[in-house]
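The same subunit A turns up in both complexes below, where it pairs with subunit B and then with subunit C.
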Partner chain A sequence: MGFSKFKVEINYVLILVWRRLQKELMSLIKEPPPGVQVDTESVGQNLTQWKINIAGVAGTLYEGENFQLLFKFNNKYPFDSPEVTFVGPNIPVHPHVYSNGHICLSILTEDWTPALSVQSVCLSICSMLSSCREKKRPPDNTLYVKTCNKNPKKTKWWYHGFVTHSCDDE
Partner chain B sequence: MDENTQSDANNDELILQQQRQIEKEISETTPLVSDKQTISTLNSEYNDDAVYCSKVKNLAEKYISLRKTRPDGNCFFRAFAYGYLEYLVKNKDDYEKFRDLVQKAKDKLVKQGFPELTLEDFHDTFMDVIDRVAPSENNEENLQELHKLFNEQGYSDYIVVFLRLMTSGQLQEEADFFFNFIEGDCTIQEFCHQEVEPMYKESDHIHIIAICKALNANVRVEYMDRADGDKVMAHDFPEVNKPNVFLLYRPGHYDILYPK
Partner chain C sequence: MDGESDDDSIFDNENVDSGNVSSDGDDFAMEIESNISKERQSEPEDYPFEVLTTDQIVQHMIDSIREVTAVVEIPGTIARILLNHFKWDKEKLMERYYDDDQDSFFREAHVINPFNKPINITKPKLKISGTEECEICFQFFQPNLMTGLKCGHKFCISCWGEYLTTKIMEEGLGQSIACAAHGCDILVDDVTVMNLVPDARVKLKYQHLITNSFVECNRLLRWCPSADCTYAIKVMHVESRPVVCKCGHIFCFECGENWHDPVQCRLLKKWMKKCADDSETSTWIAANTKECPKCNVTIEKDGGCNHMICKNQNCKHDFCWVCLGSWQPHGSSWYNCNRYDEDEARAARDAQEKMRFSLARYLHYYNRYMNHMQSLRFENKLYAAIKAKMEEMQQHNMSWIEVQFLKKAVDILCQCRQTLMYTYVFAYYLRKNNQSLIFEDNQRDLETATEKLSEYLERDITSENLADIKQKVQDKYRYCEKRRNVLLVHVHEGYEKDCWDYTE
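What follows is the complex of A and B.
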């Protein structure tokens, strides 16, 4: 009895996750922000993993470059943030982006809220790239890439401090 | 050097693993909102602590029972919403005003710049819950429904999100006023993004003042900590009105109280 009630609740939560992802996908296909394009083929295969193409904004250091982001969602989305990394042949050279594609951005972990979305994450990443004044890797890139977990959400990032994996602009 | 970093990375994982384990244990053993319990059940948490025991005794002079909420950082919002809706179910006039206020809150937040795409799911769910417990001749049934919905993660957390967004909206609307209450050198908007809108972030006076104002609620918080004295300290938000929600605060946590 208790067990079957549990199962029903889980399914209800999964329906909410699915509904939310569908809605975000439709919105992103219909009204994509400039320079952001969802790879519908990747989503067609699996609603919990999306590839999104990002174009470097004209007039910035990344003008003319193209990047690809991979979004992974778990069944606690949107309460848990999506796992977001740069993938593919071109990882942007940026003080907050490690060469393995991991991104140091507070809204991807600590400051994530369920009111954010794939769209708002893409816009934040675009604006992070656009405001860059010097193309360089984070200072601890070599060590981090060697030792980190595959999932960037398993890194204990320090956004406002100066301990390991810190990427405050100084 | 390499070894150190390797162990840093391992430590990160251990810390996070331990956090997840604690969260899992809490969610398996504590309901989101418990059944009513007598005030004296608190004694079992403080068996030999003289300060706390005398404060529990003092609390029991004013309150008949309490409901415990899950300590997940959302406890203030969950306790507040539950307590306020319990009051509203029994007070039709205030319920109607409240329903109207929440109904209009979505457009107001969208105008303030909150994204409609994500906001509306939380708003719809909150409205759904409000309608499902609308005052009727059989309020006992409504209160049971309320209890059931608040213990279903799908509903309960959606309500918490919407209240967090309303709190953020209120803080930003009156940024000039609330700015005086925040520590450090961040703006109200940054404060909202870091301390109000994300789930599981604990609430402070500033959150309580803002949500009470946004929803016309009057909350009394009874403070119970290790400070000297043998009485709990009551604080009303706002100070001038008769409270309709009663909460117990112990450092880092809120539960719901029922006055005698």
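What follows is the complex of A and C.
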């Protein structure tokens, strides 16, 4: 008896996650913000992985370039943040983006709140790219890419410091 | 004041965990009490303290909140956040409350000024027949199912529950959970948490977290540092004094270390750091190795011959270990190498000499310190042996009272060892003067007497000679006790008269 109740609860959680992702997906497809486009073919039945294409904004250093973001969601979404990385042939050269696609952005880990969404993450990443003044890799890129965990959420990011994964603008 | 009743309700519905691992009823509980009175006697004035259980800590927290809400008319929930912000310093809170601009006062503590009119966030929300959308699960709810803090951000009740549960269980946050809206730093008060979290286990964890942060940031409280102990000690003012927990652990209130008279917290901390880190390894390297004068590679001499040939294949420099000068002029008459006293070589030797001296000095104190610590650990085994002996004696027509002197002797032995242990830390940092010579004499006397007592207890007592040795043991432990007291009083007087000079 107890077992079946447990199972029902799990399903209930999954349904909530699925429902929220479904709504986010629909609104991104229907009213995408400029330069953001969901690769609908990449979105599987269970909605746990999406690819999103991002176009470099005109008038910025990334004008004319196209990038792809991979979003992975676990069943704690949206209470737990999505795992977001750049994938594909073109990883933006940016002081907060490592050459393996990992992004140093506080809303992806400690500043994440469930009131954020895929759309707001995309917009933050776009504005991070747009505000860039010099195209270069993070100073510790080589070491980080060699030693980091595959999952960027396992990295202890130092958003304001200069140690290990310093991501400060000068 | 509506806040007050709220406060009490947080903790009384649920069974607050006071799962203390009490080691009362332990055989030495009585003796511990007598230790306390001993310690107190040697102190010139009293140092009052209280041992609090988890329940009492919670009560103390509630009382502190009441004291604030009685003066400042704010809800208890906000008072708790403010108190936490001011590290539970009521006076500071009141002072700032009356001195500062109220809006910035509340903003800094991440709460909404309760005297302001409620904020209406006019965020356009999709409304379907009077329902509101929760921005987390994107579902529509009747307004009464949406809730939030005074900042005005509203989410549905189940998303709040899930959000708070994640923060508490995954991130271990207690007092510092902020509103779920992005960029909003308004803190969630405890009543809201208790109302919105559905799971009793999560509520319990939350209570632990806030109790813990209450103790940790309150200067006048300190958790007993012994393993698995859940008591905390409360004092009237912070001072380096011994406090005794109900679990029997005696520690220094100021630093939390074992009671370390006669050395002061500052030097003890320095000492422990010195022992723990690798600074002494580098001293060893400096004292026992030299550097090749040409390529600077570190060399340890492993044979008797002083003609060194650097093993660095690119260097292969020939030099003399003693004077560090080139080997060539030494020729066959090695013993004349004093002649080549170039200034540089002399300086290198002086530095080496200094390092050796400082290492030897450190090791002298360190070995004695460690030795007493080691013995102190063994004395715990001695307790068991003595207990067995006492039981045996009682079967040989001796009364319970008559055999108690044995345990008393072990107690005193342990106290003396502990004091001696810390005298070496004190002595390590002490610069030589007349008083330090007296101190060293006292230390020597105490050490000799303590070793004698230890010997009696470990070896010389058998059931046959018990009656004879009883007098000897009693005399010895009384002497030890007296010597220990003399030593401590002398050091304390030195502190008062400021006659201790330190090497660093």
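Everything that follows uses one rule, which is that the second predicted complex is superposed on the first by the 165 of 170 C-alpha atoms of A that agree within 3 Å, B and C clash if a C-alpha of one lies under 4 Å from a C-alpha of the other, contacts with A are read in each partner's own complex, and residues count from 1 in each chain.
In this text, a contact is a pair of C-beta atoms (placed from the backbone, for glycine too) under 8 Å apart; a residue touches a chain by one contact, two chains touch by 3 or more.
These figures come from a predicted structure and were not determined experimentally.
Overlap between subunit B and subunit C is detected when the two structures are superposed via subunit A. When the two complexes are overlaid on their common chain A, residue A:155 makes contact with subunit B while staying clear of subunit C. Touch criterion met: A:78 reaches subunit B and subunit C at once. Once the two structures are superposed, subunit B and subunit C can be ranked by residues of subunit A touched, with B on top.
By the touch criterion stated above, A:47 is placed in contact with neither subunit B nor subunit C.
By the touch criterion defined above, A:87 reaches neither subunit B nor subunit C. By the touch criterion stated above, A:29 is placed in contact with neither subunit B nor subunit C.
In the superposition on chain A, contact of A:147 is made with subunit B only, not with subunit C. Once the two complexes are laid over each other on the shared chain, residue contacts for A:58 go to neither subunit B nor subunit C. Shared contact residues of subunit A, touching subunit B in one structure and subunit C in the other: 16, 19-20, 23-24, 78-79, 107, 111, 113-116, 120. Residues 9, 12-13, 16, 19-20, 23-24, 27, 78-79, 106-107, 110-117, 119-120, 143-144, 146-149, 154-156, 164 of subunit A are the ones that touch subunit B when the two sit in their complex. Considering their complex, residues 1-2, 5-6, 8-9, 11-13, 15-16, 114-115, 117-119, 121-122, 152-154, 157, 161, 164-165, 193-194, 197-199 of subunit B touch subunit A. Across the complex, subunit C is touched by residues 16, 19-20, 23-24, 76, 78-80, 107, 111, 113-116, 120 of subunit A.
Partner subunit A is touched in their complex by these residues of subunit C: 135-139, 153, 155, 159, 162-163, 166, 170, 180-182.
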